[in-house]
Amino acid sequence: MQKNKYPPGDLAIWIFILAELLVFAAFFSAYAFTRLKNVELFNHYQLTLDRNAALLNTLALITSSYFVVRAVADIREDDSKGCKRWLWAAIAMGAFFVLIKGGEYAHHFGAGVTLSSNAFYMFYLSLTFFHFMHVILGMVILAAVALKAGRGGYSADEHTGVETGASYWHMVDLVWLILFPLVYVMR
Amino acid sequence: MSQAFTKAMARNIFYGGTVFFFLLFLALSLDTVSVLPERDNRANLTEAVVQGKKLWENNNCIGCHTLLGEGAYFAPELGNAFTRLGGKDGIMAFIKSRPVDGIPGRRSMPQFNFTDEQLNALAEFLKYSSEINSANWPPNVQG
Amino acid sequence: MEQIQRKRWIRPCTLVYLVMIALTLITWWIGSTAKGGLELSLMVLLFALVKGQMVGDWFMGLHFVQGIWRWPILIWLFVPGTLIATAFVLSYGG
Amino acid sequence: MQYSSQAVAKPYFIAAIGLFAGQILFGLILGLQYVLGDFLFPEIPFNVARMVHTNLLIVWLLFGFMGAAYYLVPEESERELESPMLALAMFWIFLVAGALTVLGYLLVPYAGLAQLTGNDLLPTMGREFLEQPTITKLGIVVVALSFLYNIGMTILKGRKTVVTLVLLIGLTGLAVFFLFSFYNPDNLVLDKFFWWWVVHLWVEGVWELILGSILAFVLIKTTGVDREVIEKWLYIIIAMTLITGIVGTGHHYYWIGTPEYWQWWGSVFSAMEPIPFFMMTVFAFNMVNKRRREHPNKAAVLWALGTATMAFLGAGVWGFLHTLSPVNYYTHGSQITAAHGHMAFYGAYVMIVLTIISYAMPMLRGRTAANSNKSQVLEMWSFWLMTIAIVFITLFLTAAGILQVYLQRMGENPLPFMVVQDKVALFYWLREIAGLVFLIGLLTYIASFFVGNDEPEAKESA
């Protein structure tokens, strides 16, 4: 099997992806070590989070990421229509995530939780909100790609744009896959 | 895949990334401004404090001193001068006692010939500054 | 290309997807018991790293890349993963 | 020089160098006052000398940026400047306003200047780097707007390149964020919070766009590398700059009364700020290695490589040293900050202005591409003298800072500020000596404009 020298998509997006991952890595590690100093506090407030919502969100993002994989597979076979459909399906799953997460935020803000409430909520809100913004940015990127795919802007020979958007979206998924167990489950 | 990265994508990341992170910064700033009332000691922003801040600015005190660590590094930190100099009286006495021609061979604060009212305002301003929640900075009384 | 044309009973990415769903459900089930404990936490973390590796290799397609770009995601999973594991081990008194 | 209107850059560059000399002179006075406390007291107290030192720096860098824009924009846009007359008029207005302001600092007590200029109407004075009287600030806005109009119209009507587009974004940002200098609330925390929107978003934000675009222009011209390659690097570098630098503002929000989550946000993002500087270093050396021509102006190439290297060291490495909040808790507002400030400003902004001056000045003075070898050799000497001097200034201030932090902020028996200052005086003396070397470098630099003018131009060697 022929191996590639570069990952799929434009290398510029990968520089961006790596920078973003670096930020999340730093925040994840910071979370774990701050928890070390405040175990009781973290364990206590973790229970105020809605794990069922987080489950739905995890399933939504994984499914969405899977749809994007199918979209890339379709365009590699020159199927613009299929590519477009999978992409919109992925965006719909992203919207589902935003909706659920928005509900969680409404609940927490309603209870008067802010970034300054305590160390746990600081990390919970910082990490999830930063990720939340990435979901929205990812949806914007996917929508741009889907629109262009709908116009027949990609082909089996030239579809770097689809791969670029896909790589970014997988990153958004990847980050959540660590975030979910770390913030919602591990105690 | 002859070209590793394209100008068009680099451009998109520049514009997209800038907007994205500026929005994030705005969101954090908005939160900051909304919680500042709990930290910035605004309840004690009396008329004297306001006058003191104006005097602080009009005499360019920041040109030698730091205040909460910002300014010049020629003279002591003043965010905790209220504690270090022993309250308002200590501050006023110190400013008042500076010799007009300085101290031979050493750094000296100029003599500003403040009135008693002005001295009081400055001391009030430094008291107010010392009561800002600065996350336990400076590390000790020496500033 | 030839791989795609050959009919298989299931696409690799679909298989990966189903495994990830399964791991997520187990993680959620562990979380819903709210019991915690070092072993369970580390297991959940391991699941997460495995899922991350699957996303990197099969969704992002790094499985088909050789050279330096093969490694960033793996390193990204490994370094914070190790740090998180260390912090949790320490929080249970070493 | 391809367009006659590029000539307006010349007075800007000359003024920049003149003010630079003034800045260094006052730097030496400050350095001496650090060890001989009563030097020039009470005629020129420290705060006045410092104000002159920092304000001259800002003004001459602005002169340099404007000169750079006037030089490179016509060439990039492939048309004459919208209005050379306006550019010249603004030059004189800015110069006279700047000179009057500095004279005001030196001749009138600051409080008197505040009264004289009606600071009470709209108080903006007396904050670090923004000491200018409100009327001067308004003047700066007028100059900046006319300048933007002039440059903007030229760019928009002509060929649009990435270099000019990035430059325009940078200059617009510079003007926009300066507006926050007019916001001076009574609330000290709010004051400080938005003060950084000028200072940080300038030097760790939009100024870096200006820096990047000037550097890209000089590299395109001197290396002959394909514009496409250089422009995409420019985009990705400034993208990383703003991605890390905007939220990186948080590293100023640790101890000024702002919420404590900034300690995390600021630490994480500002820790990444060295990345774009590192990319810039890699980029500059790469382009020079891949050069398709041997440009006869070797001095300009040296300055360009120097900028990339010293910006990384000063802004990147020395910034990183004290940017993490647990470290900054001890180093905040110490000589470490001063050390970082000196090398960062020199490496990033002084050197980029000297780069474009080095590249453009020979053409502005009638050469076809470069000065004579004799002049260039002298200029390269000045490069090394100034650069090595700033490295030592930085090292001595860092040493003083480490000692200061240790004696004054750590341990069981922290010592008072002035006691510590006496204990680290040796390093201040050494810093002053390094400062003298810097002055020699600067004089050498100025001399390089006057020697070898009757000798033939250096030739492209390959």
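Going by the order they are written in, the chains are A, B, C and D; count residues from 1 in each one.
Convention: a contact is a pair of C-beta atoms (placed from the backbone, for glycine too) under 8 Å apart; a residue touches a chain by one contact, two chains touch by 3 or more.
Please read all numbers here as calculations on a predicted model, not as lab measurements.
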item: Set of chains whose contacts include both chain D and chain C; value: A
item: Chain pair, A-D or B-D, that carries the greater number of C-beta contacts; value: B-D
item: Inter-centroid spacing, chain D versus chain A (mean Cα positions, whole Å); value: 39
item: Inter-chain centre distance, chain B versus chain C - centres from mean C-alpha coordinates, in Å; value: 48
item: Distance from chain D to chain B - Cα centre to Cα centre, in angstrom; value: 23
item: Chain centre separation (chain A, chain C; CA means) in Å; value: 15
item: Shared-contact residues (touching 2 or more other chains) in chain C; value: none
item: Sequence positions of chain D contacting 2 or more other chains; value: 232, 235-236, 239, 243, 259-261, 265
item: Contacts with two or more other chains, residues of chain A listed in rising order; value: 4-6, 12, 15-16, 115-116
item: Chain-level touch network, classified as line, ring, star, complete or other; value: other
item: Residues of chain D touching chain B in the complex; value: 33-34, 36-38, 41-42, 45-48, 50-51, 110-111, 114-115, 119-120, 123, 125-128, 131, 162, 184, 186-190, 192-193, 228, 231-233, 235-236, 238-239, 242-243, 246-247, 249-250, 253-263, 265, 329-330, 332-335, 337-338, 408-410, 414-418, 421
item: Complex contacts: residues of chain A adjacent to chain B; value: 4-6, 10-13, 15-16, 114-116, 129-130, 133, 137, 141, 160, 164
item: In the complex, chain D residues that touch chain A; value: 232, 235-236, 239-240, 243-244, 259-261, 264-265, 268-269, 271-272, 275
item: Complex contacts: residues of chain C adjacent to chain A; value: 3-4, 11, 13-14, 17, 20-21, 24-25, 27-28, 30-32, 34, 36, 41, 44-45, 47-49, 51-52, 55-56, 58-62, 64-67, 69, 72-73, 76-77, 79-81, 83-84, 86-88, 90-91
item: Chain A - residues contacting chain C, complex; value: 1, 3-8, 14, 18, 21, 24-25, 28-29, 31-33, 35-36, 39, 43, 47, 51-52, 54-55, 58-59, 62-63, 65-66, 68-70, 72-73, 76-77, 163, 166-167, 170-171, 173-174, 177-178, 180-182, 184-187
